[in-house]
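What follows is a pair of complexes built around subunit A, which joins subunit B in one and subunit C in the other.
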Partner chain A sequence: MVDLLFYVAAALCVLCALGVVVSANPVQSVLMLLGSFVGISLIYLLAGFQFLAAIQILVYGGAIMVLFLFVVMLLNQGDPAVLASEQGLLSKAQLAGGLAVAGSALALLLAAVVRTEIPRPIFGYLWPEGGLDPLVGMAQAMFGPYVLAFEGASVLLLTTAVGVMTLAKRQRSKPSVKAAPLSSTTEGSP
Partner chain B sequence: MTFLILLIKASLIYGGLLVTAAVMTLAERKISARIQLRIGPNRVGPGGVLQPLADGVKFILKEEITPDGANKGIFRLAPIMAAVPAMLTVAVIPFAGETVIFGLDFGLLSLTDLDIGLLFVLALSGLSVYGVILGGWASNSKYSLLGGLRASAQMVSYELSLIMTALTVVALSGSMDLREIVEVQNTGNPLAWNCFTPVIGQVGLILFVIATFAETNRHPFDFAECEPELVGGFHTEYSSMKFALFFLGEYCAMTVMACLTTVLFLGGYSVPFWEDAPWMVELATFMAKTSFFLFLFIWVRWTLPRFRYDQLMNLGWKVFLPIALANLLLAGAFISLT
Partner chain C sequence: MNVPSEHLLILAAILFAIGLGGFLLRRNVIVVLMSIELMLNAANLVFLAGARQHASESGHWLPDGPVMVTFVIAVAAVEAAVGLALVIALFRRKQTVSLDQLSPTSD
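Presenting the complex of A and B:
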C-alpha cells in the first residue's frame, strides 16, 4: 500500500515537473509546480515526516506559489497568438542538443540510483515505534544541538533577501533617472 | 467494525458541516433582513426554513455559462479548489470527548487527531485562496482578474498574522494537536481558557478573529468581490452550480475558522464548571461557542463599512504583524515566568 502510494506520488511529482516546462501558459506552469509540491509533500508524509509535509504545503503551496501566481498574473503575459508563434522558434539542432544533455543527465542519475543500496523496506523503518513524537523530536533537534546552525541559516537567508532587494533597487533606479519618470510603470501595460 | 464507525463518524461530521453551511446562508439572509428592518425570505416552508433547499435546486437547474476566451480547464478547476480544502480541514477539529451512541463506542469525537492538527488546518486553508485567484484569472474578465489579484495579496499578508497568533496558543498549551490544546484548557474552570490569559489571550483572540475575517474573504475585507468597484469580483463570470460551489467553500471555511477560534481560545468543547461532562453536553457547548463566532461573521458584514484596499494592506503589515509578534514574545515571557 505504502509502496503503491509512493509510486503515485512520485509519478505526480515527475509528470507535474515536466508539465511546468512544457506548458505554454505561465499560469498553468505555476499550477503544475503546485502539483509537484503536493507530490513531494505526499512523499514526506509516507516517510513519516508529517511536520515537513505540512510545512511544505503551508510555505511553498500556500505562500510562495501564491506570490508566484500574483507576479505572473500582474506581469504582461503578451498576446497568446504571439506566444504560440514563438513556440516553434527552437531549431531542430537546439532541440536535439537539449534532449542529449537532458538524456545523459537522466542516464547518470539512473545509474547512480541503481548502484546505490537502498534499505528495504524503503518506508516504514523511519516511523518511530511508539517512541518519540516526531514534532517534539524535530523541535528538540532544531533548538537543541543544532540551534546555532539553524539560527545561522535563518540569518543567512534574511541577509540574502535584504541583499537582493538592495541590489535590485539600485539597478532599477539608475536608468530611470535618465528616462521619463513614468517609463517604469508604463512598461508593463499591454 | 472500526472502519464502519469511521464511516459513520465521517458522514456525521461532513453532513453536519454541509448542513451548517446551508443554515448559514439562511441565517445570513434572515439576520441581514433584521438588521435592515426587513422580513427576509419567508415563503418556502414554515418561516422560510426551507429556503436553502430551494436555492440549491435553483442553482442546479440554472444554465451554466462559460465565457468566451476563458481557460476552460482552470475555469472548471477553480470552484473545486475553493470548496475542497475548506471541507478537508474539518477532519482534525475535535468536537467532543469520549462518545458513545446507542452503546456503540465512537472513541473521541473527531475524524482524526493529528500531531500537527493546527498546521494541517492552516496549510489547507492557505490553499483555498487558489480557487479565488484561478477563478479570477481564468474568467478572462478584468473585474475577475482584479478580484483574484487582490485576494492573493490579501491572503499572503493576513496569513502571517493568523499563523503568528495561532503560534501564541501553541506556545501556551505546548502542543499543535488540537485535542491536546482543548484538554489543556478543559479543567472545569473557565478561567483556564486561553482567552482569559491576561493580555496575551485577549489580544490574541481579537487579532485571530480579525485575521480569520481577512482569510475567509469576508466583509469588511471582501475585496475580492467588492460589488461597487468590481461588479462581482472573482465570481463575476460564474453561474449555476459553479457559483454555488464558491459560496459553499466560503461558508465551510467560515465554519471551520469559527471552530478553530473556539478550539484555540474558548476551550473548545470544555463545559464551564463541569470537567467530565457527557459528550452530548460537550458537543452542545462546542456548537454554542462556534455559533457565536458564526453570528459575528454575519453581524459584522451587515453593520460595518468596507475598508479601502491600501488601508487593508497597511493594517495587515504595519499594525497586525508587529502586534502579533510582540504578543508572541509576551507569551514566551509569560511562560518562562509561570
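Presenting the complex of A and C:
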C-alpha cells in the first residue's frame, strides 16, 4: 500500500515535470512545478523524512513558487501576445539537439543505475524502533561537523538578500552632474 | 516504504533528464530557471536514496544525506532569488524574457 503510494507520487512528479517543460504558458508551468514538488514531498514523507517533507513544502511550495508566480505576473507572462511571440522559435535542429542531449543524459544515468548492484533495503523506515530521532540527529550533524557549511549558508543568504535588492532596484536617474551629459548623448544617438 | 533504491534513483534520473531538456529547449528564462529547480530536486532524491540505502545496509542511519538536502534547498532558494532578480533587471532593459532575443549574438 505504502509502496503503491510511492509509485503514485513518482508518476505525479514525472507528469508534472513534463508539464513544466511542455506547457506554453508560464503560469501553467509554475503550477505544474508546484505539483511536482508536492509529489517529491510525498516521497520524502514515505521514506520517513518528515522534516524534509515539511521544508520541501514550506520553502519550495511556499516561498520559491510564490516568487516565481510573482515574477511571472509582474512581467505579464500570461499575456496572449507574449505567449504568441515565443511560439515557433525553435527550429527542428534545435529541438532534435536538445532532445538528443537530454535523452543521452537519461540513458547514461539509467545505465549507471541499472548496472550497479544495489542491495534491497531491509527495513522501510530509516530509524529502528526507539532509535535516534531523525530531527535530533540532523540538528546534531548540522551544528556539529557541518557547522561551517551552516554558517556559510547563512552568509550566502545574507549576501543574496543584499545582492537581490541591489539588482532588482529600479535604476533612478543619477543625481550626479557627470552622468547627465553622458546619458543625453547616448539617448541622442540612434 | 520498501521500494528498492533503484526506483528512487531511476525517478531522479528521469526528473533530471526532464529538467535538462527544459533547460536546453525552452526560450523563456523563467521556465529555464524552473527547469534548474527540477534538476536540483532530482539531486535531492539521490541524497535521500543514499541515506536510506546506507541506513538499511549498516543498521544505523547517518544524518549527512538529509543535512545535504537542506543545504541544497537553501542554495536553490538563493539561486531562484538571484535568477529572478536578474530576469527582472533584464526585462527592464530589454522588455523581453525570451533567450533568443536576449542573446548578444542575435539581433
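The criterion applied here is as follows: the second predicted complex is superposed on the first by the 146 of 190 C-alpha atoms of A that agree within 3 Å, B and C clash if a C-alpha of one lies under 4 Å from a C-alpha of the other, contacts with A are read in each partner's own complex, and residues count from 1 in each chain.
Going forward, contacts are C-beta pairs under 8 Å (C-beta built on N, C-alpha and C of every residue); 3 or more make two chains touch, one makes a residue touch a chain.
What you see is a predicted model; the values in this text were computed from it and never measured.
Student: On subunit A, do subunit B and subunit C fit together or clash when superposed?
Tutor: Subunit B and subunit C fit side by side in the superposed model.
Student: Between subunit B and subunit C, whom does A:57 touch in the aligned arrangement: first, second, both, or neither?
Tutor: first
Student: Should A:74 be classified as contacting the first partner (subunit B), the second (subunit C), both, or neither?
Tutor: both
Student: When the two structures are overlaid on chain A, which partner does A:20 contact: first (subunit B), second (subunit C), both, or neither?
Tutor: Touch status of A:20: second partner only.
Student: Is A:170 touching the first partner subunit B, the second partner subunit C, both, or neither of them?
Tutor: After superposition on chain A, A:170 lies in contact with subunit C alone.
Student: Considering only touches as defined above, state whether A:28 meets subunit B (first), subunit C (second), both or neither.
Tutor: After superposing on A, A:28 lies in contact with subunit B but is clear of subunit C.
Student: Would you mind checking which one, subunit B or subunit C, touches more residues on subunit A?
Tutor: Subunit A has more residues touched by C than by the other partner.
Student: Output check: A:114 vs subunit B and subunit C. Expected answer is one of first, second, both, neither. What do you get?
Tutor: second
Student: Is A:157 touching anything from subunit B or subunit C once the two structures are fitted on A? First, second, both or neither.
Tutor: second
Student: Once the shared chain is lined up, is A:42 touching subunit B (first), subunit C (second), both, or neither of them?
Tutor: After superposition on chain A, A:42 lies in contact with neither partner.
Student: Minimum CA distance, subunit B versus subunit C, superposed model, integer angstrom?
Tutor: Comparing every C-alpha of subunit B with every C-alpha of subunit C, the smallest gap is 13 Å.
Student: Is there a shared patch on subunit A that both subunit B and subunit C touch, and which residues make it up?
Tutor: Of subunit A, residues 51, 55, 63, 67, 74, 134 contact subunit B in one complex and subunit C in the other.
Student: Which part of subunit A faces subunit B closely enough to touch in the complex?
Tutor: Where subunit A meets subunit B, its residues are 25, 27-28, 31, 34, 50-51, 54-55, 57-58, 61-63, 66-67, 69-70, 73-74, 133-135.
Student: Help me check something: in the complex, which residues belonging to subunit B touch subunit A?
Tutor: Result: residues 71, 74, 114-116, 119-120, 122-124, 126-127, 129-130, 133-134, 137, 145, 148-149, 152-153, 155-156, 159, 163, 176 of subunit B touch subunit A.
Student: Within their complex, state which residues of subunit A touch subunit C.
Tutor: 2-3, 5-7, 10, 13-14, 17-18, 20-21, 26, 29-30, 33, 36-37, 40, 43-44, 46-49, 51-52, 55-56, 59-60, 63-64, 67-68, 71-72, 74-75, 77, 85-86, 89-90, 94-95, 97-99, 101-103, 105-106, 109-110, 113-114, 118-128, 131-132, 134, 137-138, 140-142, 146, 149, 153, 156-157, 160-161, 163-164, 167-168, 170-171
Student: Can you name the residues of subunit C that touch subunit A in the complex?
Tutor: So the residues of subunit C touching subunit A come out as 1-22, 24-28, 30-31, 33-35, 37-38, 41, 44-45, 48, 51-53, 55-57, 59-64, 66-67, 69-71, 73-78, 80-82, 84-89, 91-92, 96-98, 100.
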